[in-house]
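Each of the next two complexes has subunit A plus one other chain: subunit B in the first, subunit C in the second.
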Partner chain A sequence: MVTTPNGFNIDNTGQRIVVDPVTRIEGHMRCEVNVDENGVIRNAVSTGTMWRGLEVILKGRDPRDAWAFTERICGVCTGTHALTSVRAVEDALGIEIPDNANSIRNIMQLNLEIHDHVVHFYHLHALDWVNPVNALRADPKATSELQQMVGPNHPLSSPGYFRDVQNRLKQFVESGQLGIFKNGYWDNPAYKLPPEADLMATTHYLEALDLQKEIVKVHTIFGGKNPHPNWLVGGVPCPINVHSTGAVGAINMERLNLVSSIIDKCIEFNKNVYLPDVIAIGGFYKNWLYGGGLSSKACLAYGDIPENPNDFSPDQLHLPRGAIINGNLNEVHDVDVRDPEQVQEFVDHSWYEYDEPGKGLHPWDGVTQAKYELGPNTKGTRTNIQELDEAAKYSWIKAPRWRGHAMEVGPLARYVIGYAKGHEDIKDQVDGLLRTMDLPFDALFSTLGRTAARALESEYCGRLQKHFFDKLVTNIKNGDESTANVAKWDPSTWPKEAIGVGMTEAPRGALGHWIKIKDGRIENYQCVVPTTWNGSPRDTEGNIGAFEASLLDTQMERPEEPVEILRTLHSFDPCLACSTHVMSPDGEELTTVKVR
Partner chain B sequence: MSQIETFYEVMRKQGITRRSFMKYCSLTASALGLGPSFVPQIAHAMETKPRTPVIWVNGLECTCCSESFIRGAHPLAKDVVLSMISLDYSETLMAAAGHHAEAALEETIEKYKGNYILAVEGNPPLNEDGMFCIVGGKPFVEQLKHAAKHAKAVISWGACASYGCVQAAKPNPTQATPVHKVITDKPIIKVPGCPPIAEVMTGVITYMLTFDRLPELDRQGRPAMFYGQRIHDKCYRRPHFDAGQFVETWDDENARKGYCLYKMGCKGPTTYNACSTVRWNEGVSFPIQSGHGCIGCSEDGFWDQGSFYDRVTDLTQFGIEKNADQIGTAAAGVVGAGVAAHAAISALKAAQRKTQDKKEEA
Partner chain C sequence: MAQQVLILGIGNVLWADEGFGVRCVETLADQWSFPDNVKLLDGGTQGLYLLPFLEEADVLIVFDAVDYGLTPGTMKIVKNEEVPAFMGAKKMSLHQTGFQDVIATAQLMGYCPDELLLIGCQPEELEDYGGGLRDVVAAQIPAAIEIALDRLAELQITPTRGEGDKSNLADPSILRSAYEDGRPSEEEAYRKGDDRFLTLSAK
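Now for the complex of A and B:
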């Protein structure tokens, strides 16, 4: 048994369980745990198993193009990297965006938060709590009553409706071709819902699948498509014309009406379906409060959704900024992403190497030299890994630290920080939820708390989306139709050298892009992304990251069936393509080239 | 194949009425650009054709193709997954993980040898013994080859699988490699785009299920029905191009009137895709309609053709127009139009990029 510097007890003597691939995530991930004789997880090892190298690809390119490259880091949180990128370039070049562009960007970013949270809960996470096979045993009438109790304003609630869905599900299961439900863990006692709750939630799985394609139309209107809408350094690419000839080629009244109707749909779904589902499901799992990990000790958020354009000061952001360390919620530290002492990345347990082992590097000075090698205690071979050796290098994810601390990021971190800072909306939501569920504050530090914080945030973002829509319309009403500042569009207006940083709160947490521009070209580009924080491997000192910490001490019903592991990992909404793209700015010879 | 239920049987079993079924068939017909006379043919096919198992694997990618797929409106994603295909392996959506997921893959391959479709999202990196993308402790390229071995056909979803996309942009540090360079003994349908349009993705699948054959492919292996024409050919702003009315700077008066984005770097004139016709997200818009030029995301190597804001250079506006007309004539008048169009467009591109390295032909 070893105690890590950040206070977790690790014992790797028990039975080793390997989960690879971890499914229902973005990208590729592996997880290994050791369980003791009682089925309790005593050691956890999380590994990013993909790497794409986007930063070196960005080197030498036009900074105005960077949004499109970085947007392709992730197609699930689509657009958030693009926003971070245009902010980084604008920061470097001193470009101020118009008011309308700020509102439209905020609407798009909030729209993404909602879409991402809804899809995450229903399509990536729900099957960790909900058993669709058990739903076949439900009484449709009782399901209807349950629906009307938890979400009385949701129109789809009749017994006949639930019977139809159940019939469809029944025929699907009886066909013997189970598709995505194949080999699920449907008789595992870790599933705790009564059949009626299973049927209600499975029905909402299908409803949410229909709804999510509506939500994203806000991106389509302003950005032309989704996934991967278009963005612009200096503002937004869509012009506004609500009065004159040619308005059909711009954002006009019809387009604004469509945006408004979608915003209302988001608000309704959050209020009548998503939040009630989380409360209803959570009610049956109130005693399953594993998975807190780092959340009660160390949380980080950069903050986002600026009320006014070009002002990122903490009191102007609707999503909070700050850092909590050592579990002290009475002190929220300010975060300065430009400070070389604050955000640093370590690679001692990652498949990279630095010239100076054990050193952390700030992203502006980031160096990455790929080094794929396995430790001496690895079981298997270089291309057929059975069990990893976590005492050595074991992940394509680096280990970022804030002043040396491993941090959790994401909706729960934002809500813990917001609560600690006295953010009124967040405080009201959290207090209300805990009161409804009759749970103490500390219950927030759990897998369930992470999942609930995401639902609360989706609801809050729905209201904010409306706020910025109203703000946009008011501004147009006042005669301002400007959407882009082109004063510094031409590279000849740029300084010879410039550095900048862009920050957002992506759905999964704090996201930062650091850029260096020289002679009109990208000299260096580094991204430190949410899943790099949460999925971080051990660092030089032996601190474990958020994924690993959250799995410890969890009681498994059946160690050979990873329901609990998936449930807790999914509560972070892992995005592996995001976390593992980091690449050297310094050289082309990065790998041992072996062409098969 | 007899052990597999037909499409129609499955839909009926799942409580879908005959009437809804016929409505679905007519929607499918219109999605494929076919007239009402094709509805009975589609209905017949649905009634008699098996529900095809699909194995969907993921290499180096960003999951935008999966995300686009679930945006499908006609048919709805839930109907595709519950009633049209049997999605037996999808790391993005499946309940099982680890060994249980791998077992689902093996069972499907074993049970449906030669009868399943392999859908590939992303691509395999070949550097570092393939270990830049690991699935089940092994290189993704092994899983890809294994799953392809007994597949009936392979669909290369998106720019990653079709051409390499962003991780294969210069200098391609992981040696990310498109699927057709690794799988050489199977029919491969490339459905490029970053991502492809949802209804194009489901349109390709329903075409295969309905007509029980691969769609007609152009020289690059793309379905001619969706990739046979340039965005420019069918762009609703084309009259402004022809009239010489252009956006000169972002958010200028011309931008607010919806003029042509050619001078802002629009790649519509050199990009083959259905964006200006099918449009995105149930026809709500497409990039040009929302004020940004096309970045050419369905073209091979589009990341390495200079800035997205560089105007297509070396040719005057009228030069492009002239070439476009010539191409148009060829496309309208000749059997195998796709080939002719591509030959011409390749020549055009070569002229535009004479200072750049020539890329290997796909």
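Now for the complex of A and C:
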């Protein structure tokens, strides 16, 4: 047994279980664990199985176009990557955006945050807790009573409604189309819900599908189109004209009213469905407090949603910025992403190489030079790995560190940091939830805590969306219709060389794009994405990352059915599409689980 | 009321021939203008975001790169209930929700289009990140478009020559010519991939 510098005990002697790929995530990921004779995970190895090279495709391109490329990295965070990219370019060139652009960008970013959280919970993560097949056994009347108890203000709660949904579900399952519900371990004892709770949650799975269609209309309104909205260096590409006929496509009162009604729907759903579901489902899993990993020790957030344009100082950000290390919640460090000593990427256990082994590189000086080699204890071949050797290089994900520390990023990290900083909204939400569920503060440091933090954040983002909508409307009423600053649009106005950084809080965590511009073209572009932080391999010192740490000490019901592993990994909402790159030669999303 | 038709191109333009579907829709919009009941959409690698478009449509025509181990450039036409299975297999998925899941979800919700037509093309190269269409695949775009136009003609839909509505297509900076012509050189851009996954490529 080994103790890592960041305080985790690792023992790789037990039975090895390989889950490849981990399903219901974006991109491809593999996970290996060792379990002891009692089925408890004692070692975890998470690896991105795909090569990543986004940076190199941007070299030589026009910086004003970078957003359109970064929007294509991934099928989920399209808008967040685009926003991060335009912020990086604006930072490099000293471009200030107008007030309306800040409000509109915030509304779009918050909207994406809510969309992602809702879709993640209901369509990617809920099935780790909810059994839709068991829902067929539910009594619709009892389900109706349960609904009225946990979400009394939700209008869809009659026994007839649940009976209809149950029949629809039954037809779907009986037609052999299990489709979206496949890959489930539906008779595993890890599922604890009574059939009525399963039916209620599965019903909300369907309601969330309808809601998410509404939510994204905001992107069409402000971004001109969806699923790939337009972005603009210097502001937002949507003119405002609330007075008259004006330009086609301009933002008018009718469109603003539609945005307002969508914001209200988000708020209602979060309050009446999403949060009550998390509390109700969580109530049946209160004894399953595994998965805390790094969250009680080391959390990082860049912060986002600036109240005013161009001001990213920490007290001006609605989503908090800061770093917590060594488990000391009494001290929240500020984060400076420009400081070469703070954010660094290491590659000692990644399939890349630097000129100087053991060194970490700041993203502005980042290098993406692949080196695929396997350690001596690898089992299998170069093209068919059966078991990785984590003592050597073992992942296509680099290992980012903050002042040398492995960090967790994402909703739980943001909430731990917000709580530690005394952020009022966050503190109220967290205290309220723990009180309702009758759980101690430490319960937050768990897989369920991560899932709950996401729901709380969705609720908070709904309120923030309304705040920025009101701000936008007030500003427009006061006669300010400006949405873009194009004074520095022409490259002839740019310096010969410039460097910049853009930061956002993507739904799954801190996202940064670092850019170097030379002679009007991109010279270097590095993205450090949230899943790189959470899914990072070990570093030079042997510190383990958030995924690996979170799996340790988890009791598995049946090692050949990795429900518990999926549960915890899904709670991070991993997105491997941008942290690594494809591809499985046959794209079948069928997980093979090998017990060795 | 006229049937609503959605012509959808899917795939990731950043992955060489994976961009086939998106490029077909782009080319179609370059050459033809359609009546209001036909919508052209670049669906990228999106999943659930595409549901509202499916809900509006009675007929769905999808262009996509489909890897079935055939000779590169071979066209594959699949109709109706065979479409989901076809798109599920042997298709690399960068998609959070593969397109077969989008169709399954639309079926579950009761608003899947009545008619599905997949116009697929066997890719040559998928492992070239930042790359464009290979010649043999690009050469099939006119044939693919012809198949779509034939089906539209059967539906009594007559387009007119000339550029159509491009409001739901890619930003100009990543339209095919800008994207492929603006690519940095091999020396500048490191393009070696993961050799465990290079078995499909010609090298």
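As a working rule, the second predicted complex is superposed on the first by the 571 of 596 C-alpha atoms of A that agree within 3 Å, B and C clash if a C-alpha of one lies under 4 Å from a C-alpha of the other, contacts with A are read in each partner's own complex, and residues count from 1 in each chain.
Just so it is clear, contacts are C-beta pairs under 8 Å (C-beta built on N, C-alpha and C of every residue); 3 or more make two chains touch, one makes a residue touch a chain.
Remember, predicted model here, so these are calculated numbers, not experimental data.
> Report clash or fit for the pair subunit B and subunit C bound to subunit A in the combined superposed model.
clash
> Answer with first, second, both or neither: which of subunit B and subunit C does A:Asn226 touch in the superposed model?
Both partners, subunit B and subunit C.
> With both structures placed on chain A, which of the two partners, subunit B or subunit C, ends up touching more residues of subunit A?
Per-residue touch count on subunit A favours B.
> So, A:Trp489: does it touch subunit B (first), subunit C (second), both, or neither?
First partner only, subunit B.
> Return first, second, both or neither, reflecting whether A:Gln212 touches subunit B, subunit C, both chains, or no partner chain.
Touch status of A:Gln212: both partners.
> Just to be sure I read the superposition right, which of the two partners does A:Ala250 touch: subunit B = first, subunit C = second, or both, or neither?
The first partner, subunit B, only.
> Counting only touches as set out at the top, which of subunit B and subunit C does A:Ile57 meet: first, second, both, neither?
both
> Would you sort A:Ala298 into first (subunit B), second (subunit C), both or neither based on which partner it touches?
Neither partner.
> Check the residue A:Val273 against both partner chains and state whether it touches subunit B (first), subunit C (second), both, or neither.
Touch partners of A:Val273: none, neither subunit B nor subunit C.
> Does the superposition put A:Thr368 against subunit B (first), subunit C (second), both, or neither?
The answer is second: A:Thr368 touches subunit C but not subunit B.
> Looking at A:Ile104 after the superposition, I want to know if it touches subunit B, subunit C, both of them or none. Which is it: first, second, both, neither?
Neither subunit B nor subunit C is touched by A:Ile104.
> After fitting the two complexes on their shared chain A, where does subunit B collide with subunit C, if the options are 63-71, 99-107, 243-251 or 315-323?
Here subunit B runs into subunit C along 63-71, and the other listed stretches stay clear.
> What part of subunit A is shared between its subunit B contacts and its subunit C contacts?
Common interface on subunit A, subunit B vs subunit C: 25-27, 49-51, 53-54, 56-57, 61-62, 64-65, 68-69, 72-76, 78, 119, 123-124, 168, 172, 177, 179-180, 206, 209-210, 212-213, 216-217, 224-228, 230, 370, 372, 382-385, 396, 577, 583, 588.
> Which stretch or stretches of subunit C touch subunit A in the complex?
The touching residues are 12-15, 42-52, 55, 67, 84, 88-98, 100-101, 104-105, 107-110, 126-127, 129-130, 167-168, 170-171, 173-174, 182-185, 188-197, 199-200.
> State the interface residues of subunit B toward subunit A in the complex, per the touch definition above.
Within the complex, subunit B contacts subunit A at residues 4-5, 10, 13-15, 51, 53, 58, 60-68, 70-73, 76-78, 81-82, 85-88, 90-104, 107, 125-142, 165-167, 169-176, 194-195, 198, 237, 249-251, 255-259, 275, 280-282, 284-292, 295, 297, 303, 307-309.
> In the complex, go through subunit A and note every residue touching subunit C.
On the subunit A side, the touching residues are 25-27, 49-51, 53-54, 56-57, 59-62, 64-65, 68-69, 72-76, 78, 119, 123-124, 168, 172, 177, 179-180, 206, 209-210, 212-213, 216-217, 224-228, 230, 351, 368-370, 372, 382-385, 396, 575, 577, 581-589.
> Quick one: which bits of subunit A touch subunit B in the complex? Just the residue numbers, please.
Going through subunit A, the ones touching subunit B are 18-28, 30, 49-54, 56-57, 61-62, 64-65, 68-69, 72-76, 78, 119, 123-124, 127, 164, 167-168, 171-172, 174-175, 177, 179-185, 206, 209-210, 212-213, 216-217, 219-230, 232, 234-241, 244-250, 258, 370, 372, 380, 382-386, 396, 481-484, 486, 489, 561-562, 566, 577, 583, 588, 590-596.
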